[in-house]
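Letters A, B, C and D mark the chains in the order given here, with residues in each chain numbered from 1 onward.
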Amino acid sequence: MDELEIDAVAEADLDDPVLVEGLPGVGHVGKLAVDHVLEELEGESTLVRRVYSQEFPPQVTIEDGVSELTCAEIYAITVPEGRDVLLLTGDNQAQTNEGHYVLTTAFLDIAEEFGASEAFALGGVPTGELIDEYAVVGAVSDESLLDPLEEAGVEFREDEPAGGIVGVSGLLLGLGERRGFESACLMGETSGYLVDPKSARAVLEVLEAVLEFDLDYESLDERAGEMEDVIGKIQEMEQQQQNMEMPTDDDLRYIG
Amino acid sequence: MDELEIDAVAEADLDDPVLVEGLPGVGHVGKLAVDHVLEELEGESTLVRRVYSQEFPPQVTIEDGVSELTCAEIYAITVPEGRDVLLLTGDNQAQTNEGHYVLTTAFLDIAEEFGASEAFALGGVPTGELIDEYAVVGAVSDESLLDPLEEAGVEFREDEPAGGIVGVSGLLLGLGERRGFESACLMGETSGYLVDPKSARAVLEVLEAVLEFDLDYESLDERAGEMEDVIGKIQEMEQQQQNMEMPTDDDLRYIG
Amino acid sequence: MDELEIDAVAEADLDDPVLVEGLPGVGHVGKLAVDHVLEELEGESTLVRRVYSQEFPPQVTIEDGVSELTCAEIYAITVPEGRDVLLLTGDNQAQTNEGHYVLTTAFLDIAEEFGASEAFALGGVPTGELIDEYAVVGAVSDESLLDPLEEAGVEFREDEPAGGIVGVSGLLLGLGERRGFESACLMGETSGYLVDPKSARAVLEVLEAVLEFDLDYESLDERAGEMEDVIGKIQEMEQQQQNMEMPTDDDLRYIG
Amino acid sequence: MDELEIDAVAEADLDDPVLVEGLPGVGHVGKLAVDHVLEELEGESTLVRRVYSQEFPPQVTIEDGVSELTCAEIYAITVPEGRDVLLLTGDNQAQTNEGHYVLTTAFLDIAEEFGASEAFALGGVPTGELIDEYAVVGAVSDESLLDPLEEAGVEFREDEPAGGIVGVSGLLLGLGERRGFESACLMGETSGYLVDPKSARAVLEVLEAVLEFDLDYESLDERAGEMEDVIGKIQEMEQQQQNMEMPTDDDLRYIG
């Protein structure tokens, strides 16, 4: 195994496609969003590349007894009425700082190979509290991208995210820009405590407007409903606890 | 010292051998199993390769004052009435993510050199409680391997192991499959708290059926008996404690 | 992306310049100092090099929604009445031991390219308590540098800093000396608890004397004033707490 | 800076020298021992090599204001009436697993260059309690080395050290043996809590017998006396505490 092995599973003839990334992260927002697109546009999508790397954990996932080596997958989607899309998904992030650089470079290489020069990184931005109205916060690699995204409902805030953006999402902007990509990061607000399908929907609604395709949200709303039930039960338990002792934020943390 | 140094200690003429790996891990199940095979089939086995690597800890083991540099060892075993076997054992796992990829690749290289195209990774799967009936849970690199193993008593479960399989065992499936190996992982259920010779026996009984060789289990059962004594004493101590305070699972953890 | 990418943003014709480094560290003294020079001598400074590296965190900073990939920047400053200066600043240190060696080597390469053979590393040395008189402690790569710096007010102490100097500042001395650089480290005393503009001023006053340029300190003194207010409030709070319980040093730690 | 840079400070014509290593470790026994030899045989010793490496911490030490880049040093000692010696000392160990392999390989390369084919690694073995009689425990790369060392007073014990030997000392045996070196590790028993000049003396007395040179121990005994005073005070404090509460082993840990 080399540091990086890219399997060309299939080819696809795309017209000026845009790379859309959704790897695991805060609230699983990016991954939920990208997996939902994949599910909804299944008929139009083709798995074109698999990226294996020593930068991923040394791990296989098991489904019904059959193993699959950890990798990132890139799907080509031909959207009839809108922009063609290269969808990047996977179960893992790189495990080292250097790995993020190595993998992002590989992803941009593949995107370029298919003629892409734009990229959207999807993710979540943690707010620390449960959310009613899901804003989508943005960051772009070039000032010229601010206006069209603001029109699509993205909020650009002076000092957010305060710590910048780390990992593949950040580097798609940073390394992408150095190679001539116009990149944007769309971050759905999310508590940070729970898997958040509602935040994923907010992010996808922006993407729909920008890339001109239509998604049905039934299955994502169902998952959101299930999460609501979970939250409801937690809040109930908190209420009961409150009669005995002060509840803490930690009760909510990392559930989901 | 290069990153990887492979000593060709001896050669062996094997007929379609199968690689069987048992490095240290949960309950030491894999290592116990492989070391038991080595002990039982001593007359038929030849040490053929030693693998030294910077990925191992920088360590020598000392026995009666004489040092031995940490390495993995591969033995060739000619089984008269059954399949030839390449046995992989050692005292250490790689110390980094990348190291697992590097070492597994080296092990598969060696197996290929001896004509192998099948591999069994032996290990344990932790259940968190003491066990009466030792099931063997399986995972395979290809669906076609499910039926023959199920007939040999291996259980394939929908969502197990939940976190996938990490380390060399996982990569023997994942990287093996990418090189055309048919690989299976046999995981004996084990509490996860103790070195578990009974779990190792359960795994070996499956292997016996599949590879058609016969093992005597006297020495392994003796070790199992010693462990039973240890468990008995722990349970007695717990009983006594229970009169004073609630016992915890932690009392059992990491003993052995 | 290679391990290291150096963008030649502009060229500059400098006369025997001196490299002055101020990356983030204790009390942000070095970075505050270098950024202040940059602000005061803005008219005379040109950004000449950007250094990108996999040794930096995989991160973009975001300002008003626009991203910038983490890097180190080197500015050329032509000081009319004094020595020419190459100013090294940035938002991050390397993330690994090896990274400090890699980046320092790159910085010295660039300095050499512009004809430099002297370097000043600016930083802070933590005292553990709030400070009235800001001494500047020094370390040099060669004994011959002791006298001129002592005349400029730098204190050289027998056993300080006790743990030596780590990171880029230390290696500018250590690796610099191996390449023929005369290097000195100027460390302003600072509590270690707070961002410390006063310590930065103390360091800059030494630098002014040595390199013969003049700085205005109004903006730095303003920031110092703001920090004084913060300290005042903390001390007030401590006073109030003291009536209830013993205060601890930890109350001050990592504020700023 | 390359991963490894070796400065040839001087040459020396040695007759079948033996490498003696004493880098920092348990009780600083190895380093104390080697530094004492260097002090006592100052007239006969020449610094021949300095080894710089990215595997060392990115650090300079400061003495009287002057910096020195972290390195390992090798001295050639011509012992009139005994074996010639190559003495390896330094302030730091490698910071990664791989680094131990890289540095030990470099040290063995240098030793070979000077004609050495034997090595002694000096160190301490922690006992967890204060010691009256300082035994020296040994480990060797080859069985044939057991007898002569046993005659010199070294104890070889069945299962000690239980965890093997890690770091450069271990690899001098393990990697050394692979290159044809006859290597031994001499480990003075030491509490593990304190810098231990008495343990260093015990180790050196074995070395004296084996290599046939004579050392004066006045300065080492003085340091031992100072440590005795420290231990005495700690024990006194413990006695006083005992009247109030049960003392713990932790009171002794990491003092010195």
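Everything below uses one rule, namely that contacts are C-beta pairs under 8 Å (C-beta built on N, C-alpha and C of every residue); 3 or more make two chains touch, one makes a residue touch a chain.
Chain identities (UniProt): A, B, C, D = Proteasome assembly chaperone family protein.
Note that the structure is predicted; figures quoted are calculated from it, not measured.
Both chain C and chain D are touched by no common chain. Between chain B and chain C, the least number of touching-chain steps is 2.
Distance from chain B peaks, on a Cα-centroid basis, for C.
Although chain A and chain C carry the same sequence, what matters here is overlap: shared residue numbers make up under half of all numbers found at their interface. Between the CA-based centres of chain B and chain D the separation comes to 38 Å, rounded to the whole angstrom.
In terms of their C-alpha centroids, the spacing between chain A and chain D amounts to 53 Å.
The set of chain C residues touching two or more other chains is empty. Across the assembly, chains come into contact as A-B, A-C, B-D, C-D. Of all the residues in chain C, the ones that touch chain A in their complex are 1, 5, 52, 54-62, 64-70, 95-96. Touching chain C in their complex are the following residues of chain A: 97-98, 100-102, 104-105, 138-143, 146, 156-158, 160-161, 163-168, 170-171, 173-175, 177-178, 183, 185.
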